[in-house]
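Letters A, B, C and D name the chains as they come in the text, with residue numbers starting at 1 for each one.
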């Protein structure tokens, strides 16, 4: 059961192929910021991001660094710190393709993949302009109804890679995700799941039902790297709060492309990006 | 937040109306045996059981005691102790209606109710005689496919009441279900959720992310009663093992209707049932 | 008691839009709706559950990001607040951008869960502080969430009211039309008319929005400010500074 | 090393049906398949995950009862064992009852997850100790899970082999037919033919099922028996008594 050993951050992100459909969580559920910086240093290209269901700094950095070809998202924003500057620039300049979605549709698509069914039905949304533009979504008459009951079908979203940060992994390679169950869903839905963790837990989560309740089993996970404060400057549930000053400063600095390049050179160590 | 107080077992089961569609868990996830005996003492009638997805002693007792009109189930059995005698007798005598199902279809129906969609699609099962007899299930051509791809749709299962036993409730009325996530699903799917617990936890599960990971929030729950060893003689995850001798003896004693009545009088205190 | 601040008036006004309910949910980055929900809770005789997604303390979801939407689908969320960079006269909201999608001239963050919550939550309260022809438009450039649905489309709820920095309007989904309910103290109906890009019904006599009374302000500045300090520290520090 | 017991032969024989895989799952009340899975794991050079639903220690599912089925749908479960009160020549299994459903003359527990697992798991191994015309029938009275599917029906896997107390058979889903692979030591092909209610292909020369070697028996009686004692104490005590 325990031939598990963690790998380096660089080896971890080496398992994210260029062009991969990459699922990443929202800020509240373990944004893999250290891995994101490593991906940028590696010069990852043409990633197709799926934000589950939205993103802040992570998507903005990847987009600004030129790693992203398209992003399916319910929203990219810096929240109380304002717009996501790189996302906004790239969307307007059409250097990335934005596939606009809505939170529950992204959850539904991932749950369809989790069950390996072609679609899940979902209520609401009809009449939103999203439906007009999402040619991969389909409105049908409810096949279980008596007619005249339109309902939307959302196709399965099958990420090539799920990448997130979590508090800990145990010695069997299980990862503790707590109540952030969307991390289980993206791991189930994805072909490959890569995780950075704050620390290793000495033992097995399954030795204690209280810990087991928050565990994602090792057999879903293809790589684990230890990255202390790996979600910073975004926060990590139950571990640390976001670095408000950092995020506020980023929102300002990244307003210009030069400012963003300087930020990236300093924070991600991409000297070339600043050149 | 904390106007919660537990109620008596009798008051709890009083909230299960005769004729209710009643969802109950499998043995491995908190069979509410004390509540089952209380339901029998009350003389509950015409219950429509949904076992999630199968049942052993609980369904057999309710059926033998005449509380059940129909049961939707993937299986009722005493497992290594043999057939479920009351279920088997009642099914053959047609004193109950058995709605044969399969485990993943029951999970899918409950997840459809959880999302308030009319159905979920499910792979497999086609060609099983279940499909022939389940006129509420529907085979359609995959509406997201190019034609010629039959797929089964399972209608939502919306229990009137979900009833289960769990290790503990906290002072806010949240219930700790650990990794038995199907208990969350049935609580989400049901109109009313009633829970017996081993004990009360002094505080809030949400004060500790480790406990929060296994918590079912209070707003899904309409009643909690304390019932120590409330799953016995069935086991309770992380708490106690099944009483093998009891179950083995039951399998033997309940082979006859007189034997079952004697068991019930002794174990559930239904003196009249034995008369 | 010092004079009522605009944020206090808005929180109390939003709270006044909340009917008797069991569960109010507040989305991300919404300090004034959060204050309103907590105010409603504090004044309610019944047990009212408040979920503030932004918070850990006031968020007891344990089933992942989908739980808000599933719980709302189950009818367990009675009230939700939605904003809109644009809101139009049929209560459609736009959170995506300006221009002819996908050829946008301005890009906003995205629709979040609005196209879903607007259907499944019985009482959706629209909230936008800026009340101007730029925000309240004749027709949104992009419909993130429609304000109404044609007959035959399953829909449990939708927008019931719009609260802005100037006024309160009620939405009638059958007539697809807002009606001015009240103007905030010091404002006039004519001012609202001029600042609104869409047509709306005007009553003969337009009431003034009720100013929070001393008890309400006491709650806001006391127990509610204390709670907001946990998850909206910046907002709480600005609006409810701790007396020196 | 004492003589091989029937249960040991069956466990080793089941293990021999398991190809190189990453994840083997074993359903409820299946001690011999559990022993087979653990034996395969112990002999594998690669890391093989074994899930024994009956156990807590060998069950790392945390997403509720649906996770076995979802994980299987995702292609993460390579091998699963199914029984059948009746099994027929087209590898259909019956777990529901005898007679014309719903007018049954005998009632069995029910279909469990078989109608699903038989489709999504690549390697399904059928196992029934009793090999008789009563259990191996021409046509099952009720198809819980079909052994094959017509063209156009989505299906990833299905029955690959049948192991009984007498013999091993391989199933060819294209031809919808079993073929005798081997008979257990001391048994004959004629005996198998007489005990089987359905037609099957018979090779010219029928091999004898390989008897577990000393190393295999050592594993079964050592580390695997120790594990089985945790979750199948009755079975382990009977088959692998601890030496006095």
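The rule we apply is simple: contacts are C-beta pairs under 8 Å (C-beta built on N, C-alpha and C of every residue); 3 or more make two chains touch, one makes a residue touch a chain.
Predicted model only: the values in this text are computed from it and were never measured.
K.L.:
Taking a step as a move to a touching chain, how many steps at least join chain C to chain D?
P.N.:
Tracing touching chains, the least step count from chain C to chain D comes to 2.
K.L.:
If you average the CA atoms of chain A and of chain D, how many Å lie between those two points?
P.N.:
It comes to 40 Å between the two C-alpha centres.
K.L.:
For chain A and chain B, let me know how many angstrom lie between their CA-based centres, rounded off.
P.N.:
Taking the average C-alpha coordinate of chain A and of chain B, the gap between them is 36 Å.
K.L.:
Can you give the whole-Å distance between the Cα centres of chain B and chain D?
P.N.:
Computed from C-alpha means, the inter-chain centre distance equals 29 Å.
K.L.:
Would you give the residues of chain B that are in contact with at least 2 other chains, written as numbers and ranges?
P.N.:
108, 115-117, 122-123, 149, 151, 179, 181, 184, 212-215, 237, in rising order.
K.L.:
What are the residue numbers in chain D that touch two or more other chains?
P.N.:
56, 61-63, 69, 73, 120
K.L.:
Just spell out which pairs of chains touch, all of them.
P.N.:
Taking the chains two at a time, the touching pairs are A-B, A-C, A-D, B-C, B-D.
K.L.:
In their shared complex, at which residues does chain A touch chain C?
P.N.:
That would be residues 26, 28-29, 52-54, 73-77, 79-80, 83-84, 87-88, 91-92, 94, 98, 100-105, 107-108, 111, 122-130, 133, 148-151, 179-185, 237-238 of chain A.
K.L.:
Can you name the residues of chain C that touch chain A in the complex?
P.N.:
Chain C reaches chain A through residues 28-29, 53, 56, 61-67, 69, 73, 95-97, 101-102, 104-120, 142-146, 149-150, 152-155, 234.
K.L.:
Along chain B, where are the residues that touch chain A in the complex?
P.N.:
108, 115-123, 138, 140, 142-145, 149, 151, 153, 155, 177-179, 209-215, 237-238
K.L.:
In the complex of these two chains, what residues of chain B are touching chain C?
P.N.:
Contacts found on chain B: 3, 113-117, 174, 181, 184, 188-189, 206, 212-220.
K.L.:
Which stretch or stretches of chain C touch chain B in the complex?
P.N.:
22-23, 47, 49, 56-57, 60-63, 69-71, 73-76, 120
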